[in-house]
Amino acid sequence: TYGDEVDEYSIKTSTEVAEAVRTGRPVVALESTIVSHGLPRPDNLKVAQEIEQTVRDAGAVPATIGMVGGQLIVGLNEPQLTHLATADGVAKLSVRDLAVAAASGADGATTVAATAAVAARAGIPVFATGGLGGVHRAAAESFDESADLTALASTPVTVVCAGVKSILDVGATLERLETLGVPVVGYGTRRFPGFYLSDSGYDLDWSVGSPEDVARIMRARAGHGVSDAGLIVANPLPADEQLDPQLHDRVLSEGLAGLAREQITGKSVTPYLLAHFHAATEGRSLAVNVRIILRNAALAAAVAVAYARP
Amino acid sequence: TYGDEVDEYSIKTSTEVAEAVRTGRPVVALESTIVSHGLPRPDNLKVAQEIEQTVRDAGAVPATIGMVGGQLIVGLNEPQLTHLATADGVAKLSVRDLAVAAASGADGATTVAATAAVAARAGIPVFATGGLGGVHRAAAESFDESADLTALASTPVTVVCAGVKSILDVGATLERLETLGVPVVGYGTRRFPGFYLSDSGYDLDWSVGSPEDVARIMRARAGHGVSDAGLIVANPLPADEQLDPQLHDRVLSEGLAGLAREQITGKSVTPYLLAHFHAATEGRSLAVNVRIILRNAALAAAVAVAYARP
Amino acid sequence: TYGDEVDEYSIKTSTEVAEAVRTGRPVVALESTIVSHGLPRPDNLKVAQEIEQTVRDAGAVPATIGMVGGQLIVGLNEPQLTHLATADGVAKLSVRDLAVAAASGADGATTVAATAAVAARAGIPVFATGGLGGVHRAAAESFDESADLTALASTPVTVVCAGVKSILDVGATLERLETLGVPVVGYGTRRFPGFYLSDSGYDLDWSVGSPEDVARIMRARAGHGVSDAGLIVANPLPADEQLDPQLHDRVLSEGLAGLAREQITGKSVTPYLLAHFHAATEGRSLAVNVRIILRNAALAAAVAVAYARP
């Protein structure tokens, strides 16, 4: 028997988070990829702390998820968060990487898919992030589709996000979510948000008006017992906080043209386009990104509070 | 704790259906989309009642599934069925819509995916419908693939249907079912039926000759315990009851040409093509549709009877 | 109640395998498709026995899986293995075919998907094969993708293989595995092997150096409890045992040109290409195939031994 080793690999939940889950108090799961890979240093650590504080201010317990030295942790403490924000060689971990990384003792940040899956396992039903992964623009040929979509098909967690980045194929992403049985509701809108933009140009079938509405859907899912899929709450930036649409469209066109001109394909596409957005908007895309995640953290906390309410 | 609210959202099963499930008597699940969206009024209600009577005549209990005022119901009673057949604004609900619609108190009709998933949850192992959703003709670019296929990959229900409509990509649909691990057996044939037509032109690997054969497959699946996928029993119309193949092929070509000419894409494609079939066949496509669902209800009832036999 | 019939369809496990599983001794599942369909007679039976002996020599119990007369068997005995190696009309069974074949009393050999699924059900966590199925080269249009990939997304079994055959779309196959959440680790390499070739030209994110490394990943997966996906251990042939790369590339080009010239599509593509490889390499592709499966059996046994170690 290898009982000890299995135990060695069990998920470690912080005392505060474990206590909140046990007593039914509101908790919001948070991903660590934005900390390690999504934002430049040294702002990344500061933003990670602001995200957690936003959750606390709204009455919920933050549970940032990541891996330190092979240990999968729910509720990273300050030194652990600092380590993932500053160490070199922090891996980006999707669900399929978790066990491999743990066995090799790696440091790692969890993607949307991995954070949602670990949160569900730890009994945390609400999760805030910036944007989802999706179907890539050339996916008809490359088959490059994010594991985020597939993971949400069997992970009963509510994900508050601002849609998917426009560098992806938004229409195909929405179709894939429909095929996979993952519901998408707009928060105060029936248009799917476009991450940097308030409106991606795509319609949604359903919208909700309050955190209580979202909590009610979560209760109905549990009550029916028919589906294990997640729930995507698509929370757009207000029009006056979005990236200027004209600037966005110009920068996106330039970026896509740059890909063709420099013959960039595969895994280099996303980093190239994000760096291009950062440079060509003189950092405004990054500021928008931070606003998105803070707003989503606040809404996720309100949903967790509504869902925990007796 | 929100125990009361979860109970509020539990599935309501009619007394007759609940009693039949409890005592192991044969039950056939039926979808409500054909009632609310598939057939024109006022025939739709009459046909719905004929379908139920067909199931009863074959010795099984019909369990039509739908949502009234946010309540998910297995075994709609007469007033509920009448409501879904006559009310305005009845939503079309796939699996992912069930909890959202319930939380908003909507009226809704369940698709193949949703009916199968709810039937499985309610302990009903057999389901009759007209045709499955499938992969759309432009799906290589649009990614438009019905959630029916994905749902059947993890829903252990036997679905009796007449294949998929020829307005879809039949070959791609069969490939997707293979990839997803959903078995397809022809009833008395090794050719996949073409809904309006007895033969879609595609081969099947397996055929069955009797309801007992189907029941035996269901027992083997349960005995093995290896797969949670559904089982598609593809039941073709007899050649002399199908839509005239020459008429079918001409109407389909005209319809596809109309799509191109009028630049119709996305969610408008299916309604356009079905309306075109209705008009261009002077209602014969609709009469065929009714024959299909009545024949499938009779076969599904025979399968349910064979499966329930001690 | 149909308790007796369900029992009739239960999986039959050989006494030796059942005893090994019960006492936690190392077991390696083996597929039977290579015996019935993958290798020419009469060598196929001899090779099947060599594979089993290789597993025994490394200290594990072989459990070849297949179906005889409708009975699904884990641990085929000598007469059963001989039957599948020599009988006519042995079906090739993926997961979705198992119940249908059992109900019709068929003889059948199990694919990678079916072998993995049955092994998991029988409590055998390690499986050796030659190569996986994958995404076909024309899949963007044909939607032809092996059920092996989908099955591994929800089957917690470690599969030792030498990658996928180059007649498939290797890049698309790797993308699909990522989307489906199935981890792939290279054994002693960070390049995905190309079956006949040591290197397919595609990179991997992770590599392992020993059977103990693999066992550690399996323990981490069990410890986390986050994913039910399998684990692919991609074990390349040493460079001096592979098919000569120049020969390989020439034969592959000729084969693909032959497909176009002779207008071969659909299910005829793979048999055509494999027969072409056999003929055009004067049997060397077949000898390489045998070396691959023997090496993978040895590695899988070492992994099973490491995983069973207290």
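By letter and in written order, the chains are A, B and C; residue numbering begins at 1 in each of them.
In this section, contacts are C-beta pairs under 8 Å (C-beta built on N, C-alpha and C of every residue); 3 or more make two chains touch, one makes a residue touch a chain.
All values derive from a computational prediction rather than experimental measurement.
Q: Looking at subunit A with subunit C, do both copies bring the same residues to the contact (over half shared) or different ones?
A: Copies use mostly different positions to touch.
Q: What is the size of the turn, to the nearest 5°, that moves the C-alpha atoms of subunit A onto the matching ones in subunit B?
A: That rotation is 120 degrees, given to the nearest 5.
Q: Using mean C-alpha positions as chain centres, tell me how far subunit A is from subunit C in Å, no decimals.
A: Roughly 35 Å, centre to centre.
Q: Considering subunit B alone, which of its residues make contact with at least two other chains?
A: 140
Q: Mind pulling up the subunit B residues that touch subunit C in the complex?
A: Counting only subunit B, the residues touching subunit C are 24, 135, 139-140, 153, 169, 171-172, 175-176, 178-183, 185, 205-206, 213, 216-227, 229, 231, 307, 309-310.
Q: For the complex, which residues does subunit B have touching subunit A?
A: Within the complex, subunit B touches subunit A at residues 1-2, 5-11, 72, 94-104, 113-114, 117-118, 121, 140-147, 149-151.
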